[in-house]
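Each of the two complexes below includes chain A, the first together with chain B, the second together with chain C.
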Partner chain A sequence: MEAAATANGAGDDAAALLRETTPFGEASGALLARIARLARPARYGAGTRLYSPDDPADDIFVVASGRVEHVLDPQIGAREAVKRVTRGGVFGWTGLLLGQEHRMATVTALEPTQVLRINTEELIRLLSSEPQEGEHVMERFVSMIQREFTVPALLARVRRLSGPLTEEMSTASLTMYRMSLWLKSPRPYLMFIGFALFLGFWYLAVEIWRLPRFREMPGLTVVVKEWLSPNPTYGLSLYTEEYYQHILVSIWRVTKAFFLATVLGVTFGLLLGWSRAFKEYVFPVFEMLRPIPILAWVPLAIVMFIATESAVVYLAFLASFFATALNTMLGVESIDESYIRAADCLGANRRQVFRHVILPGALPFIFTGLQISIGVSWFSLVAAEMVSGQYGLGYVINTSYVMVRYPTIVIGMVTLGIVGYITSAMVRIAGDYMMEWRVRELALSER
Partner chain B sequence: MNMRQPSTRGQISIQDVVKVYDPDGAAVMAVDHCSLEIEAGEICMIVGPSGCGKTTLLNAIAGFHEITSGRITMDGEVLCSSEKPKSTPGPDRIVVFQNGALFPWKSNLDNVIFGPVMQGRLGRRQAIEKGRAMLSDAGLSGVEHSYPGEVSSGMRRRVEIVRALMNDPKALLLDEPYRALDSLTKSVMHEALLEIYYKNKVTIFFITHDLEEAIFLGHRVAIMTTRPCKPKKVLNVDIPHPRDYSVLTSKRFRELIEETNDAVHEEALKAFQAGEKEG
Partner chain C sequence: MNRRHFTLAAVAALFACAASSSQAADIDYGKPGTPVKLVVGYQPYYTQSWSGVVMRGKKFYEKYLPKGSDIEFQIGLQGAIIVNNMLAGKQNIGYMGDMPSIVSTTKTEVADVRLVANLGLAYDQCNAFLVRNDAPQFKNDQEAIRWLAGKTVAVPKGSCTDRFAQATFKRFNIQPKEYLNQNIEVITSNFRAGKLDAAVMWQPTTSRLVDEGLARLIATGKSVQENDGGFLAMRADLIKQRPDIVKAWLQAELDAQLFIADPKNASEVIKMAKEQTTGFSEKVLWNSLYGRYPDSAGGGDMRNMMHYTFTPEARELINRAAAFLYSIKSINTEKIRPEAIESKWTEEILKERGLKAPIAEIKALPAAQAPK
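Take a look at the complex of A and B:
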């Protein structure tokens, strides 16, 4: 109460100080004034311990003058654990982390130091009342923790503003976050350089240096021109309807094959992993059939299915099926016995163990299998389309070869690469959605 | 002065139990005519070097492994015997595992409500209510919606114990639960476990190789011989409960350590010379 008189004058000072900090620096004047009202000044003599790791994580500290030494617990894995904090520096942010009740650092004043203390819960309540600006302040905290305190991967634990139920970071925002992290890292530029080198080599080798073996290949400019031409010399480009027809036919076949392979392969793999008797009957036959290359199946497939369409889908299905089933089986077998025992102890019956332990426990392996499966599905589809079929990207490549339309071959290949990449990314994203626990675990252990 | 919880349930009687492993014709005796009475509501600590066969004993009580002969009863009911060598695992005696067995694919709250919901004892909504209350009692409200992989290993152990207590078990069977923790976290966990124990009437069967841990926590400490496993010495810890960390520096605690240290060391040496691997 007695501090009330000085509070107004001090409030301006506090706001000015907050303006200098990373987390609050971009807040509006109105919000800043409200935050400043939460701040309580405190002084510490040289050598005073402000807090140590066992203390409760209650207040956030802003240094007004003086200097403190901030030493992070080595377990946190900061790149630089020791940091000096001076005016405008903010520490004591552990209270912003989900489930973190205690400090993670030892902080000592190196000289007489004045600080502002802001209670974390009060701050969060205030920020929640201004969700948009509040969220921005929280983002600034995240980047401060990462950059200034060099603590990687705590971000997934930073609390969300809007209430306890949405405290967890959703998969979507995590994906967005990773995207922005990726864009800020040097990786996109390295990727760009990689592509540039590859295309540059293609261009130079074929069209400028005219190296032996490369001389006869369609050059980069020829392919790109053909691809982008409204009137393509060989009848296939981004502007022709036929191009999309081929793509759609191939996608549709892969979809059918992949869907069938997933349903049957996962079921079959779960049975293999779950029932020893079933495995003993079936697995040797399975293992004998699995290494047979898809191309070796082509004649039989044509005999089995009179219609070429079914034969092509069957071939794409076959390779997919083996990959999915095998990985699913390995997934079931990889589950730690303790989980099954724990479920038994807790009174789950056999069906519940299957539904709540076996299935989710095998899911990471299943999705690894599906990633492989979508790849081999494309691979065998194109092989099948090249042998028999009337549409599709494999068919395009094969007929272009027979009819000496070399640039079209390359267009078909590049298109395959792009479409294949997109489908496998879709499988990965689906996996991330179904296994949020894993995404979050990985986010914590990244780097 | 053994202030045991006034309880009538969770009395476990191990009678002349033998366990012989016969992996490839060469019979190995893991447990040799072992008898031990664990009284209702007591903390009974089982101490022995790694691989001495103490986990085998726990697995027999829990129902994960068969016994070769002998009998184990709980509150007079036969769990397993020569006629029925494998007991049926159930929520009356819940194991807390060495490496932790919270399901990583379920949130901490979903883990905690797993038992009652699976058994159909509580509806999901009631279970959530009870789970929240119990987590908050244990000071774990903040981690309800996190996954186990997102919280510290000490917290994971506490959540796992809450998951067990949700089923109102007669006994908790702990298999070196704090082995992987650093010593500071461990000391916090010990006090947290005692606090939970004082609030809940439950028998605790606790396996460890750490003598200090055993004497600090237990009403009684059974020091086991190394393979084959049977009690070498049973120590009554006459330090009154409730205990806290000041016990560690007390004279009586030191005396008890001295009294038993030789016995433990001797077995550890035997195990070392036999070169037994973890079991």
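Take a look at the complex of A and C:
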């Protein structure tokens, strides 16, 4: 009876200690109690070495009292290789990392130190049995390894918890988590208020107050009436087949332009960022061509391409290509040199560095570039479709301007805005799925 | 200023703005007899409205407007720009082709614009069919028009060229393979790239394309008896507040039309047009208004008939063009409202000066008189 009470007391102490740590700090009481049951207390005298590099990465350590010195192998590329760890600090996490079975640091007790040791494999098994919470703990580990131990993100990639549910969770549930955070935040409501204010101001300024410079504009009710009319005065509404034809043609053109801009722009940008010689040859010309407005390219595009459609796609592609290439180049240039050095130290060849460091490292910039690129492609469309002579939302806007059909101009603009917003969101979602690690980081920091 | 005060100030400013604007009325042109400030939109790139070029160059209006009046001319590359500016109150008087003139009168929910004079009626100022230079040689305009069946044809949609092209297709019962809506700059580039079989263009671009060897003229409105025209438009608030200015301007306009129609003035008119445009040689400009095209391509002796007022022919053109614009859903009415045509001013002036419409005719001149 007494022994059980003592055991319970020790378990409570261990759970309380775990609660103080970064990885376990947000875990539920039940999970903490289960982890505490895995913990084994240990004592070390001052000057005792707890482990060295190449020792097997078997246990995770949590400091209960005292102080240890944690020195990371210089090859790791941590910004601060030496760290003093006190109560609540966690070390010995190497076994949690992808492909790491041996220690990567030397840890020495600086004074008499008490720790809890938790077997890594047992912990992984336990966390796998509670995938949702388990994943969260693992993410907290990632966060701690990167922030507190300044280990490059490339190395701080933890093992995945086993089981299909976990896999599912790493994508769908994180998206849901972000969605729930978004719904709980004031952002969606502010967004609706923003739209309401915009539409309200449009209505009041044009139709009620008739403000100078606004009263000549088409009013909200005129535009909405035309848009929803089965028999529109100027021939274009939600009820006309032509409306959807314009949308589809524009989407198809932008898709082609965006695809080309992505393939060529990313390749070109990677080369610009990766090869100094290539950049020196090409970048001045690239920078000279980049500011030229799309309209200026119209006559040349007509002459350059045999098919009219090719000229339209080229014009929509051009600005997108520049945005993608430039962002990709900046993405490559933004990669911390220490990551490349760390990969070199770990024996990676040039191709592996490119595949595992440069490409993933540049991805956030590439996807930012792609989001800009798809938007740019849409707003190049009005100029591009001047050439088309038949269909497209840009064509609708341009023709309506020449024919002074104000409501149709606004219908074309709003439709282009909505379709552009949706395609931009699709690019963002694709980016999130390709950069889950970043989504998780953002989700954990509630962004 | 804290955030709450700032918000209150912003709301107050908005309401103050709203209150002041709700009292704002039409543009204030001053009292009759006082100097006036006018902004005139005109199209030096459309030959039929070149009385605007002459007005700017010769300043005929100075003789009739109150001393101290300030006149600013603004170039519109196409009629739609002038329509937009007039509706927005940025231009008060506009020289335009028939289609934009008609459109401008139908946007009463934005501003009331009215037509006050005719700038001329013709068959080939706007209505000119061009084909690529390597098209077959045709015996005459009729054969050339039939060749257009199944070809790629471009026009600036909603313009007089569109009306003419569609009327021609209907009359000959032919269908092009593609009927594209392109502006004149794109059409020019497409001719250069050899992508178009044919297009309808207005002068002086027609003459330039022919002169540069990019295209050939094959038919005009004369081939199918389809005319074109230009009109002078004014904002109704100007007409209402300053009848003296309306009359003065139209007196000067009459002088300009008579000047332009006098063959002795041809070279001076061309020099003024050259000064007010870019990219056109004097020869091209001369051909566009005074040149003589072959009869087999729809050419004729008459290049522009200066009706000045709203003769039955001018009214017939307006009705036909309005019906066309309505059919292509460019305007919301099949007929323009009767008050949109203010013919009393020109009729009164013609009576005072003992003239009858048409007041003059621009005749094609011998090629020997063309500038080198």
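FYI, the second predicted complex is superposed on the first by the 272 of 447 C-alpha atoms of A that agree within 3 Å, B and C clash if a C-alpha of one lies under 4 Å from a C-alpha of the other, contacts with A are read in each partner's own complex, and residues count from 1 in each chain.
Heads up, the rule we're going with is that a contact is a pair of C-beta atoms (placed from the backbone, for glycine too) under 8 Å apart; a residue touches a chain by one contact, two chains touch by 3 or more.
Predicted model, so just to flag it, every value in this text is computed and none were measured.
Looking at the shared chain after the overlay, A:W209 reaches chain C, while chain B stays out of its contact range.
Judged by the touch definition given at the top, the superposed model places A:M403 against chain C, while chain B stays out of reach. In the superposed pair of complexes, A:P299 makes contact with chain C only, with no contact to chain B.
After overlaying the two complexes on the shared chain, residue contacts for A:D344 are found with chain B alone; chain C is out of touch. Applying the stated contact rule after C-alpha superposition, one finds that A:G389 touches chain C and leaves chain B untouched. Looking at the shared chain after the overlay, A:Y234 reaches chain C, while chain B stays out of its contact range. In the superposed pair of complexes, A:T308 makes contact with chain C only, with no contact to chain B. Of all residues in chain C, those touching chain A in their complex are 17-18, 21-22, 24, 78, 80, 83-84, 87-89, 100, 103-104, 107, 109-111, 154, 156-159, 178, 180-183, 185-186, 188-190, 192-193, 195, 328-330, 332.
Per the touch definition, chain B reaches chain A in the complex via residues 62-64, 89-91, 93-95, 97, 99-101, 103-107, 114-115, 118-119, 139, 142-147, 149-151, 155, 163-164, 167. Taken together, the chain A residues at the contact with chain C in this complex read 204, 209-213, 215-216, 222, 232-235, 298-299, 302-303, 306, 308, 386-390, 395, 399, 401-406. Considering their complex, residues 98-101, 156-157, 164-165, 167-168, 336, 338-339, 341-349, 352, 356-357, 360-361, 363, 435-438, 440-441, 444 of chain A touch chain B.
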